[in-house]
Amino acid sequence: MPTITPTHYRSVRETTERLCRPLVTEDYQLQSMPDCSPPKWHLAHTTWFFETFVLAEHESGFVPYHPEYRRLFNSYYEAVGERWPRPARGLLSRPTVEEIYAYRRAIDERMQILLEREPTKIATLVEIGLNHEQQHQELLLTDLKHALGLNPLQPVYASEPVPKRAMSPTPLMWQEYPAGVGSIGHNGNGFAFDNESPRHRVFLESFQIASRASTVGEYLAFIEDGGYYRAELWLSDGLRTRQEQGWTAPLYWVEKSIFTLRGAKPLDLAEPVCHLSYYEAEAFARWSGARLPTEAEWETACGERHVSGHFLESEFYHPTAGGDSFFGDVWQWTASPYTAYPAYRTADGALGEYNGKFMCNQIVLRGGSCVTPSGHIRPSYRNFFPPEARWQFSGVRLAKDLT
Amino acid sequence: MPTITPTHYRSVRETTERLCRPLVTEDYQLQSMPDCSPPKWHLAHTTWFFETFVLAEHESGFVPYHPEYRRLFNSYYEAVGERWPRPARGLLSRPTVEEIYAYRRAIDERMQILLEREPTKIATLVEIGLNHEQQHQELLLTDLKHALGLNPLQPVYASEPVPKRAMSPTPLMWQEYPAGVGSIGHNGNGFAFDNESPRHRVFLESFQIASRASTVGEYLAFIEDGGYYRAELWLSDGLRTRQEQGWTAPLYWVEKSIFTLRGAKPLDLAEPVCHLSYYEAEAFARWSGARLPTEAEWETACGERHVSGHFLESEFYHPTAGGDSFFGDVWQWTASPYTAYPAYRTADGALGEYNGKFMCNQIVLRGGSCVTPSGHIRPSYRNFFPPEARWQFSGVRLAKDLT
Amino acid sequence: MPTITPTHYRSVRETTERLCRPLVTEDYQLQSMPDCSPPKWHLAHTTWFFETFVLAEHESGFVPYHPEYRRLFNSYYEAVGERWPRPARGLLSRPTVEEIYAYRRAIDERMQILLEREPTKIATLVEIGLNHEQQHQELLLTDLKHALGLNPLQPVYASEPVPKRAMSPTPLMWQEYPAGVGSIGHNGNGFAFDNESPRHRVFLESFQIASRASTVGEYLAFIEDGGYYRAELWLSDGLRTRQEQGWTAPLYWVEKSIFTLRGAKPLDLAEPVCHLSYYEAEAFARWSGARLPTEAEWETACGERHVSGHFLESEFYHPTAGGDSFFGDVWQWTASPYTAYPAYRTADGALGEYNGKFMCNQIVLRGGSCVTPSGHIRPSYRNFFPPEARWQFSGVRLAKDLT
Amino acid sequence: MPTITPTHYRSVRETTERLCRPLVTEDYQLQSMPDCSPPKWHLAHTTWFFETFVLAEHESGFVPYHPEYRRLFNSYYEAVGERWPRPARGLLSRPTVEEIYAYRRAIDERMQILLEREPTKIATLVEIGLNHEQQHQELLLTDLKHALGLNPLQPVYASEPVPKRAMSPTPLMWQEYPAGVGSIGHNGNGFAFDNESPRHRVFLESFQIASRASTVGEYLAFIEDGGYYRAELWLSDGLRTRQEQGWTAPLYWVEKSIFTLRGAKPLDLAEPVCHLSYYEAEAFARWSGARLPTEAEWETACGERHVSGHFLESEFYHPTAGGDSFFGDVWQWTASPYTAYPAYRTADGALGEYNGKFMCNQIVLRGGSCVTPSGHIRPSYRNFFPPEARWQFSGVRLAKDLT
């Protein structure tokens, strides 16, 4: 049974707001594509989550903070009712940023009271809410990056330079794993989302996996070898998408420089390549004479490793050489479509919509990124995005058959 | 030769900013559809107009205010070069609202100096620039209304109530005009846009025209008679558009109430109906046993009438009963596609793009509206919008053949 | 009062079928874009017209030929009821070609009987039906050309070569017309569509008009002068369309050759240029230091000229040098949007939909083309197509102001 | 090493043509949506396959049958070069049906000669070609059904009635399988596509699987229970697709009747339900308190069963009660996205594109259908379609966890 202290609650909530500190009011409203949400919406929706799933269920004499918010800030919960259309989230100038902060403060106060009064009863829901908020911390930054990145003025999110880290990549080593039956899925210690359970047995044929993520330098060689134009390297849907979108390099590459949350900078060959779609990751792997690992291979290779690496707290906001680990820097596309584990059960009620209903047309990514809160990731964590998505910090770890 | 005083310049420029005073920062960035622009963009673009067409040409030692603004705030001038895509105007959080106001102040200062030094040389250009700015004052309000109108919170632009004006409409009278040769087009007194010239002769068969715009009450009778569903009343393109868009009433009608810049209010049967597309206006006219006037008929009937009516300065921000006039309250759709007058010539250079290149697929409207600055309208003034446009204050004045 | 003999009826109907003689069964079903219809559909719809508007109204004991045909072959008559969707006309393999010919024979027999019994009563309707059929004779060929033209095998409609007509164009002369009041519209002699009436007075400022249509050689000079890429020559909507469609030459030009109904052939500089959109025609006119004539100018200049030129009966199926005339070879885009003449009245009932409901978003063309039946055209004839349409035999006759 | 006799080659080729015998010429050209191809195209493409992959490689002095056919009838092989666009396959009236049959005869003759001369050398390629042709036999019928089904005349492919088979469904039994390591994938006996290999080990948790496919009666209960409108039963993408497409029943259901290749008929509660999308299958399974089997579960439960059931040869052309088997009647959606087996290798060259490049965004179906040639199916056979596809004979076999 989890215990959630008011301090922990405040700490996660404050992190979200601290991430917004560099923003001007105008930034809060940006929605640069339907997949992205404005920072203001992230601030409101994460608050709505506590109001809707905790307060409305467990606060005695609950009164909604505002009669329209239940609808305005519902993301995708059919069981909660109507929703403001996702692609139109950037069209709401009101409530204002200030009103959203007031909403946060009001809900936080009511949550503090409830946390003190009924810590046990609501602990499970609050834990989900805080993990949900951490997911939105990452999305807040990736969505913001997308919006700032298309502005010709190239606004900088964080300008104080991080100390220069001149470094070559460590050599890529292949780690071998024999065939056999293993187990994957959450081991029951600490929090996990429902999609990580139940832990179950899998048979893996023998395989090898790279000791680190692939680098900008390695990906550049793929580009320079004509990789984007060699049909035999691509999935059929990938080739079509590449042509329709005119991809010739990862997202945010502009010739030999790259847009980051700290502004444009030259390509750094040693750092992990990121902002790849699954299609690009898959073509690059094929070009490399390798393939992507399945999520079972990844998790098996990861084992019960200690979680360390470059996360949100490092404030790099960009993958950085030297963080070699299964975790951090870049999410790693696996070869596995996102599906249910054997005997998977969704939660009852609206929260059952959290993960299960998205188990189609998406691919699993593993490992967390440079903007994932460090306490949020674990070996069994399953992130998922459609194969054409590029605005997350998504990269590659190679694998191979062992023959 | 026009004379433009620094005072007049300041007065027009200040009006634009005064119109923005009720806005919160978040409102400045709203773009609710590709046809609309954010208030911030209107503020910047009108300033860009003076910088690009006056200062860049006539200020000695001209240096651009910002290297990117020439592109960012160019609306549609091919001769000026690249343009930021119109549908993405709402995606720029930077420059901030404050930076745009600073831009306005800087350009205004340079303009004041130039106006004092070379009043004659730049007078014609400045006059166009101020008329251009007045057009954007109207658009700023119609675009803002569109954006606020879709927000479920129904934000109010101007909340201080205008005194209630209980009033029935004046009876609709038919004014008759005999067949004959007349002249339309600008008479040369004062400013006019190039598309109003040259004044030229036209032959009109006899006709009659309504003494006032059609009212909400009259339009409601059309609706209640099944007007939206009777195919025989509609143009083919109109019927298709009505079906695709699901139109069953003018824009901003929600059952028996109506969204205005002063908030929602009940339908007022006596006030001029507005926010109609050409298709609706045309179907309504047919249902009425009448038709829309051609622009030559409208201008002939208008004659050299004194310009009076309900304009921006009245601060009604909505058509209001009792303003019976050829001017003000609502733009009146004519039956005339927007084309060139005989011997029409566009200006040389970029300003030649101001009007001429839009002479296709649009319909002329006449008379100005409740958000048109009163000094901006005249009998020969030709406004134009595509037949499906509804977000302007567009209404109907009926006409008939005389037989 | 018109008189329609059974012989005349048969003659028009047989012409349609004769035009189909070169087709293989597979050709009858081709629909290469939503604007085009399959030959089979043209054969059926023209028959449907007689069944629906003549037999169903005037045949005693009328029984529909087939219960589904009323719907399947209704083009756009809302008053007749439901319609099979236009873009799906090519998806009906049944009724077969043979069944459609049987339908024609059956309706023709019933029409013959009725024509003999009640020649006067149905004459007006039959006359419209035969003119309607002639319009579809032209469309049948232009639609077929579009479908054959995209086939890489470049199938030939008519292979027997027409005698080579080596010829330079006649010099282009400018014919001048003084300002004044004139009349346009149908003069009442013989058949005309409702949109040509009533004849009415117009005032024209003085103008001049070209003695012949512009040629391939003249248009080639426009292309070679970069005409397609000079924004200042284009209407705004035209420029956008050109970019979206990638236009760099008229439709059916492939480098220096051109696809015709008689197969590919080299460009012939002397022949009238055709398959231009209004946008191209308009830009070309501007580049030429001229403009397009209004339809009132065209009709005034045409006067009551005898109709002669290269028509369907010449079997050229392509504009050909030497036919200098106001008629034939190519339809000539005018500067006039398609609108109602003063005091225009549509017919009652379904036939009122024939012309009036299309009076929006289209441009008038005059003069007929190389695939117009010669008996179908007259000085007051108004054809109309959207400004982006290129698959008709549409060309240019230049005009100018006289100053 | 396979042996392909000329007789076997002829037999498969003749089957394709026999399936076309009920068609009229007009039917051969139908393409009712981009996913479907015209019968004429299927006839040509399967011939192209032998010409391109067998004759062009192995016939001495090979000369292409027609210079354009390599491009016109290439489906998706990038390595072969340019392709005629898939959605435009129905726009080619030429080559005619007769010319395509001539093409088939010519290639067949050359193939017969080569088969006699070099049976061993080309056996593997010819075997693929014949299996490829069998796939197109099925597609020919499903594509044709789609095209005929939208015709309001409801043309019948095969009119001779099959003897009425009044029958209730057999009771649905659950077959249990214990947890453990098994193997799936082709066992090496006889032909298989590359995507069925290599055979490899999998671990399956215990499960149970239904003894037969779900029936129309069972699916009707889902509909009547509001299944299409209960969001909690649907995947997120499924719900969106259902809403956009307006699904309220399987494809081809019109109220209580159903369109089949033998014409419309009343719903038969006992027959397997078909023409479901994956989304519908998945929602129905959830509503049933069950789930779809993974492909490993399906194949494990199927074991090495003898292939029997209702196939193409039965000439039912529709799923029919009483055929209870793992094979025939309806393809069964599994829960498995289509991905590569461990150590999967594509073939070299163009044929490497046959299967591998489609391993994204598709779902595996198992078992074959009523229009699958009986010799074409086997336990390891993997069919795959996107989750929204409904025009195949696709149904459901339920599975459950064993707990």
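Each chain carries a letter (A, B, C and D) given by its place in the written order, and its residues are counted from 1.
Everything that follows uses one rule, which is that a residue touches a chain if its C-beta (ideal position, glycine included) is under 8 Å from a C-beta of that chain, and two chains touch if they have at least 3 such contacts.
Everything numeric in this text was worked out from a predicted model, so none of it was measured.
Least step count on the touch graph, subunit A to subunit C: 2. Averaging Cα atoms per chain gives one point for each, and the point farthest from that of subunit C is the centre of A. Distance between subunit C and subunit D, defined via averaged C-alpha coordinates, is recorded as 46 Å. Centre-to-centre spacing of subunit B and subunit C amounts to 37 Å, using the average Cα coordinate of each chain. The geometric centre of subunit B is 59 Å away from that of subunit D, both derived from CA atoms. Shared contact sites, meaning residues of subunit A that touch two or more other chains, are absent.
Of all residues in subunit C, those touching subunit B in their complex are 76, 78-79, 179, 181, 200-205, 207, 231-232, 234-239, 278-279, 282, 291, 335-337, 339-340, 342-343, 352-353, 357-361, 387, 401, 403.
The part of subunit D that touches subunit C in the complex is made up of residues 24-30, 32, 40, 68, 71-72, 84, 88, 90-97, 147-148, 150-153, 155.
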